[in-house]
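Labels run A, B, C and D following the written order; every chain starts at residue 1.
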Amino acid sequence: MVREGNWGRWGEQDERGALNLLTPERVLAALQTPRTGKLYSLSMPIERTGPHLDYRGAPQRLTLTNHSDESMFVNGFGGRVGVGANEDIVVMGTHTATHMDALCHVYADGATYNGHPHDGMSSYGGAAYSGIEKAGTIVTRGVLIDVAAAKGLPHLDFGYAITADDLQTALKQQGVELRPGDAVLIRTGWLELFMETDEMRLDQPGLSLEAARFLGEQDVAVVGADNTSVEVQPWSEGEFLGGHIELLVKRGIHLIEHLSLAELSADNCYQFLFATAPLRIVGATGSPVNPIAVG
Amino acid sequence: MVREGNWGRWGEQDERGALNLLTPERVLAALQTPRTGKLYSLSMPIERTGPHLDYRGAPQRLTLTNHSDESMFVNGFGGRVGVGANEDIVVMGTHTATHMDALCHVYADGATYNGHPHDGMSSYGGAAYSGIEKAGTIVTRGVLIDVAAAKGLPHLDFGYAITADDLQTALKQQGVELRPGDAVLIRTGWLELFMETDEMRLDQPGLSLEAARFLGEQDVAVVGADNTSVEVQPWSEGEFLGGHIELLVKRGIHLIEHLSLAELSADNCYQFLFATAPLRIVGATGSPVNPIAVG
Amino acid sequence: MVREGNWGRWGEQDERGALNLLTPERVLAALQTPRTGKLYSLSMPIERTGPHLDYRGAPQRLTLTNHSDESMFVNGFGGRVGVGANEDIVVMGTHTATHMDALCHVYADGATYNGHPHDGMSSYGGAAYSGIEKAGTIVTRGVLIDVAAAKGLPHLDFGYAITADDLQTALKQQGVELRPGDAVLIRTGWLELFMETDEMRLDQPGLSLEAARFLGEQDVAVVGADNTSVEVQPWSEGEFLGGHIELLVKRGIHLIEHLSLAELSADNCYQFLFATAPLRIVGATGSPVNPIAVG
Amino acid sequence: MVREGNWGRWGEQDERGALNLLTPERVLAALQTPRTGKLYSLSMPIERTGPHLDYRGAPQRLTLTNHSDESMFVNGFGGRVGVGANEDIVVMGTHTATHMDALCHVYADGATYNGHPHDGMSSYGGAAYSGIEKAGTIVTRGVLIDVAAAKGLPHLDFGYAITADDLQTALKQQGVELRPGDAVLIRTGWLELFMETDEMRLDQPGLSLEAARFLGEQDVAVVGADNTSVEVQPWSEGEFLGGHIELLVKRGIHLIEHLSLAELSADNCYQFLFATAPLRIVGATGSPVNPIAVG
């Protein structure tokens, strides 16, 4: 791959990509965005049902201890009768429910972001480069681009490829301009449709390659959406994971998928403080997240 | 249990406890706390090694797909040669590494917080009341109480029970006063000691019952610490989980354990914006978190 | 529950039920059954696809190590270049694919087999009574009752309730008589139909309550079938798990489900040596098995 | 690797190795071995404690449903009050507790058994060649070589390398001669020592390379032992996994580890019917087993 996009921009060893844009100045400025102080949770629930792909399995919460184990607390830990602890174990894919893709998630032409070798992901050790534990903390201005609402639709059509013009039109209607370092969240309405119908389809509305390039050129730090892959399926221009290659691989822009954006949309809340930090799972290719918006 | 603490304060059905203190006004005020714009991640890494209790098992990140599966991407998904996706599966306890306790985590005398029945936690369904998915989003002022530093120690002694006076002395040295709705983070130095020695001991420094009561009386919203159970072990006044009962059960104050507080301490950063949102795992008794501080 | 069936027959503390019928004499006699020496595997493959119920999740085989971890073998274990080990982790339900039900699997009217208390199954500890690790080793004469073949059908109709007369007619056609201590395997043809169509339906052919009682009265040691629950669904006489109650709870007869019986059927092999031993998972309610037949 | 051992002996595509020795004649002959009809289970219990290596994690049995979920049975499945089902989920390594190694488990010089490519093990798909689901059913004569007892010791010393002469001396004392197709089980006494002390050490007694070669030359079908790797550690002749390479890779002889041989030893039962069939986990590198002996 010819060096392009942001490769080398933050050093040859960089593993954080566009998150380097989150300078203290931008962070402090972002803190001044909120007007209402209303708190939003942008994740969907994690449960066995959901828009889960079969090959990843459904997430499972399994009870480790509950009141049926009280004798263990009493005899094993010296508890008094009537006192105990409920605990659980979770088994889940790191790309299930609302989650952030690490920069190592996708490779193309032998490399992940910044030219790190594509085979640097071993079975036991996980990602040697750009694992999700390298991402760190994200606090920046968040911008909702409510494409569905801008078109007056509850949700975009299956397979609809959002254009750069769609993004610009929606931004104009919303009265917001993108700035470098923003976290941009695209609403297609797909997740709400899924939650109503419980029907998992992959031909989802999402970004065209051209729209992905537009966002990359705005120098945003994060791109998220309320669908399964941020980008449209069937793949824009027929390129498997083309939007991931454009944003994640070339630009080092972390992606967030399956975002719950209905409440922001209902409130016409287009600018907000955006804050999230993926779990520091060493070597992981992604992490479930529950991103925060402050309106 | 006699109704005491905060039971009933936010309604008979309440499942969020002291997080109800996070009014929009307090949220907006908290956004004005930061001075430097420096971002902190307050979680420890999640990997097989760590201060894990045997009965919970060590967390496992397992590779689901990597470059060795490229034929699956090419043949199954229509990818072109050289393009693929790295993914993983995580198996972990919800009370492992840095995590937040749900209000349903501990029960005493037949009830969890707010009088919800202690047997409302079924094996398959999980917590019927006060599961972690009910907690929502937390944004408030964070206050570090660096008890170890206030005593001029790298870490408190094994089994040292922090007193209310210790907390007040440290706060005074730091020049900070607690306010209702604060997220209070207690630094004992224990986690740093563990990371150096890799020796898991349960006789850790932590809050005495008296200190826990003091914090409850300040009406704080969240209490966290850099040890395994926030409270001291061996148990203060010999009461198994007594600190949890005081804070979590009676007051509805969420607890966060295994916090990484070394960097805040090194920067003498005692007040900050604190933001986190547990994963919305339905029915779960806790969630791994990577809390954010903005200095 | 009135004491009935086999409760108390092998002592008040017994946890093995009808497996007590496997005396050394019967074992030695069973070894004389085979004529051809042909080996059969009676289990279906364990993979993500299969007749899996959603609430149990699909079984997952996850790679723990492979050649991508060779540096771990070389650096961590002192291996020479080119040498390594492939390993995996399995996550699966104990009642998934071909498996044996422990006697603790089902309870009715406050008790499992032999009157052990129904709440003796704690979340952490598992089954205090009649866990699968108590079953031990099973070697006995196996008898196939090929009900589908006896009726000249590739498979019985969905929801068909096999009668005692069906069993006796098939045995007569096959020229076999049941003996105490036998392992009786019922072929409905359902699993073969599933493997062709990959369509999971619960309204499967299986034993009626009356047929289950008939088998219990023959004093057999084990009952298996090629369907999901041995007994018919919808439930015979409308009783949820009625066949399990009749055989497992009252009689202490272990059940084996999702058996692969096509090859025995094709060979008209109606009598054989049957051998299996469930995994000794302490406290478990069942175990995947791969039962052996020697024709 | 020069073609040696059994490569090509059963065809270029063979994935079963020495299990091809189990002809119907040998199977029928093996059925005549037992004298007492006593049944043995040769596996250790599967529980969180045990001789588990950290990198594989401890096996976990987790309750999926129990009586606390009765409302799910009643409301979801139409059960009557007082009836329910206990179920569990198991998470475990395939090389944990008593288990059989698939022929794909170890590779050397670019190949597994029979020259199959060493990189034929992908993360998602698992083993393309010689996965454990290819092994099938094992019924043959079993021979215990009780090396510890032959030396008059409760257990061999840590790190003791069993010689071919040790094996022959023990066989002579026992009055047994090896025959092609036998399943040979080596008792070092190590597992009994572990069960007493709960101390996991890797410097275990086991086969020297020379003893492994001797067994291979006898054309046995299976080799098992009561230790962690069949072969001695530290590695015989300093070769990492050298015994595995000799038996598994070159000869196609499946290995079984962590066998429980105390009861056979106590009974001086040196010849028996041996029967086991690994779980048919597609693509897996091994399987937990509970092998059967009939004395």
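Throughout what follows, a contact is a pair of C-beta atoms (placed from the backbone, for glycine too) under 8 Å apart; a residue touches a chain by one contact, two chains touch by 3 or more.
Computed from a prediction, not measured in an experiment: that's the story for all the values here.
S.K.: Just send me the rotation angle from a CA overlay of chain C on chain D, rounded to the nearest 5 degrees.
M.R.: 180
S.K.: How many Å are there between the centre of chain A and the centre of chain B, using C-alpha atoms for each centre?
M.R.: Chain centres of chain A and chain B, defined by C-alpha means, are spaced 23 Å apart.
S.K.: Any idea how many Å lie between the Cα centroids of chain B and chain C?
M.R.: Result: the chain centres lie 44 Å from each other.
S.K.: If you look at chain C, which of its residues touch at least two other chains?
M.R.: Where chain C meets two or more other chains at a single residue, that happens at 55, 57, 60, 63-64, 66-68, 89, 91, 119, 121-124.
S.K.: Once you've mapped the touching chain pairs, tell me: line, ring, star, complete or other?
M.R.: Drawn as a graph, the chains make a fully connected set, so complete.
S.K.: With touch defined as at the start, can you tell me which chain D residues reach chain A in the complex?
M.R.: It is residues 55, 60, 62-64, 66-68, 89, 91, 123-124 of chain D that touch chain A.
S.K.: Would you pull the chain A residues touching chain C in the complex into a rising list?
M.R.: Those residues of chain A that touch chain C are 48, 54-55, 57-58, 60, 63-66, 68-69, 71-72, 91, 119, 121-125.
S.K.: Under the definition above, what is the set of chain D residues touching chain C in their complex?
M.R.: Its residues touching chain C are 22-28, 31-32, 34, 36-41, 43-47, 55-57, 59, 61, 63-64, 66-68, 73, 77-80, 82-95, 97-98, 104-110, 118-119, 121-124, 126-127, 133, 136-139, 235, 239-241, 244-245, 273, 275-286, 288-292, 294.
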